[in-house]
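Each remark here refers to the structure printed beneath this line.
Chains here go by letter, A, B, C and D, matching the order in which they are written, and residues are numbered from 1 within each.
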């Protein structure tokens, strides 16, 4: 990272990330690393995990340079599928750094998580495109426009919810979104939304789940007298606040806090935890299995 | 703390701690501090809290030297009751440093919280006497004896539970215990035990309450895939794991952990959190109101 | 905080904060609280600290409602000076919530601390006015203007430094600034600047001081192989990075980080720590003595 | 961890850990994993790190079962050396779980780190043998004997230091110690000691290094007014407190603390950090390069 910028210096954008989930058995690492080596892929990072060496599930993430690759993308992927993935019954993905993921944002009125994501994108901390922002209120339009991102208001009422969700899904598909982030979007999504969109949706819940599921967690935390408050970022599933957890954090609080000051303090945790989860997702570090995650 | 040890140096053991809980209204601080000043009590620490200046509850803790006091203990307490406490409808306690609290310990087989309390006592970190240890197993007898503390085995079965609890209460009363600590005591206490003992009982629960109430919280945390595990120390009430929380903490965990390794990692949090709660109780820093605590 | 909004509900802006530093001796709390009570001031919060009850320094912060006050501000302050402050040789300040402090910001090119302060101000988390922003570069003009705050570029070179500092001080005085914040301002301030401005200046240093004083602390941290990186917010004095510390925090790092990724991760700590320090200053919670602080 | 206890269940003690440090280049992972696979070693955990894929250093740790190995230890090691290690110019170690490391402890009078290590050993948290304890005082003899470990007093004075160190080294060699831990041993070790012992020595320093090198760090922290105190565990080198850092942690403190209370609070951090470092060393997770560590 500090060496001279020699002509052979690899292009940091010319990398790919391979993720693998498969039944554990001997020889997986050997097969994958042998395949990559044989085709000239230089491994930068590699992480593995196994729930149990005997009868468990195996997870792997490998980041490698494409510079020396002896095949183009398609034949490379086809070869990997045949030679490695199929024999080991792998679920696998291959993401190219040169093609950043496209992130839709859904937001209501709170600006802290929303602005935090936009700034991190601007600073280069999040390697994403943000092609569309959808809100049920007009409040944050000016902020979105300041960042040059299309901002759509789709109001939601009890009566129009199905229609509104269909419109949201249409907008996200039109924008080519690869995944969506609920940056304190204050509506519960239906199963139809999730099925219709068909891609990962990341939420930030303002409590340490599974404590304080549902509405008003800061009020609930205040009433219970807890000495820590937290935030949880998770993939959205049909069951409320029960999807696979990606990131969590807490901060200490005392008897001096009110529900209002808990809400204010909690904002700092919420945006940090959401940003950490989104970055992990964007960098292909999160592998879901059952209702849990491996975060490399 | 760094000055020369002059003859006028006050005796660190000759101090008292006053705690007050009362309806909030103007003039409380003035009345208390005026009373202490008038009688020659030199305030070392003072903490106050109000849930709401209008119609709320007021809490106060004052630590002061007794060296210059113009009254003996009894007349001082009588005067305080008449002049200050009654007019303001105060609940109050007065603890003297020269009379350390007497702590009973109930424990089963896990040694980590138990040993941590004994060592802290030995090092002078906990200003207590430990007149009695009660266990439902014989495993930790040698450790207790190493510290010279009477160790009683009171086995508990479903059939003998009422009897066993009566014996435990009898042993604690006989030892003059002011409060009891459940240092991973693996039995649920009945309301009869709590009423019979009639003094505070502090428990350590191995989760971040209110998440994972009840048995096997590490297994439950593992199944839910949380990214933090925690511990909670609270006063015991009849409702399981629902009493006023004194202290909580968490540590980060990853997908690499198993229920067993969570249990191992959790031990470090459990003993820290329990020690913090016990120290706060021993130093008269915890004021209970409703199902919550003020911890000064 | 939860009661009905009755007519007698005090105005949250109609409060004042009194801070006191004086030689410790008996009767201070009694005198202050008696005075406030006698004049109808209802205490909301009160904190005290003593470095040593015998021969030490005493610190106090009292927040109270002005609604029931029987005197106007000036006679109240005059009375307090005569009756309480002078007999006890107090240094004291009295801040009125209705008159928020005026904060100047100095910034260079990094935007993270800068934007964090502006957003917190916009959300109502920081009770300040921001009348002026000064930078040695033009990069952040658009952000400043988005918030409607005057933005002045004062370039600084080795030759023009004295002149530039004089211009900065002039701009801050003209804007009526009560204090200044260096939100990653990459120039060392001279004693002339500090004397000329004559008011508190808060800096954020991107290390856990006193480790890694001076330039390039992330590089230094990388070279030393530390397992935590941190940030320190402190009042600026003539000696570089040696002023009274207000707030510090750290985050864990591993061997996987590079100087660049440490810098990226550190940004989150820097802005949190600076915001915490600025909020404490704005709310009159920081009392300086010698080269240290009491932060209530 | 959840499977049925089938006859094929591998013996958890029949595992080995391979660590590798070598110049980075393509094909290392492939070569190592291919070799292990070919010889029937089932990989349980694998971690890799590279300081730079171009011209950097590569680090690897692989934990694997020996059950299915087709070679005995010696021929296996010989084959690995020839086929893999030599071609890639590897520094490597191979540790067998069935042969726990032998840890010498040096201690003075403080008991907290010392007792913490003994308890963790007793609870099975540290996979070590402790064949010898050496102290310059007699204070902790009874504790050592309670755990059944030989306890030697080697007094150290300025005059007898060289002689005393020679005796310490002799005792450690006689006990077959693989490494030593300074559990708050209050003497500075000479280069002769380090050379004479010739094996890793782990120290715990009671500050966040590189802040507060040398004696009395809590007093120095108090004087500087820091808002965090910490502890650092590192390998001992000839330069005081400057060796490769293995683990660090901090806790928040306020103006209320004194040097004495900082020392008390610090004890909890010291023992946690030392235990974490020792466990990492014992489990072959620490690879040293230059003055830094990779901790897998």
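Descriptive notes on the structure:
Just so we're on the same page, a residue touches a chain if its C-beta (ideal position, glycine included) is under 8 Å from a C-beta of that chain, and two chains touch if they have at least 3 such contacts.
None of the values given here were measured: they were computed from a predicted structure.
For the two copies, chain B and chain D, the CA superposition rotation is 180 degrees, given to the nearest 5.
Distance from chain C peaks, on a Cα-centroid basis, for D.
Averaged C-alpha coordinates give centres for chain B and chain C that are 36 Å from one another. With each centre defined as the average position of its C-alpha atoms, the distance from chain C to chain D rounds to 43 Å. Residue positions of chain A touching 2 or more other chains: 1-2. Residue ranges on chain A touching chain B, taken from their complex, read 49, 208-212, 224-228, 230, 244-250, 254-256, 291-295. Chain A makes touch with chain C in their complex at residues 1-2, 111-112, 115, 119, 123, 125, 146, 258-260, 264, 267-268, 272.
Those residues of chain D lying in contact with chain A across their complex are 1-3, 6, 8-10, 26-27, 29-30, 33-34, 36-38, 40, 42-48, 50-56, 65, 68.
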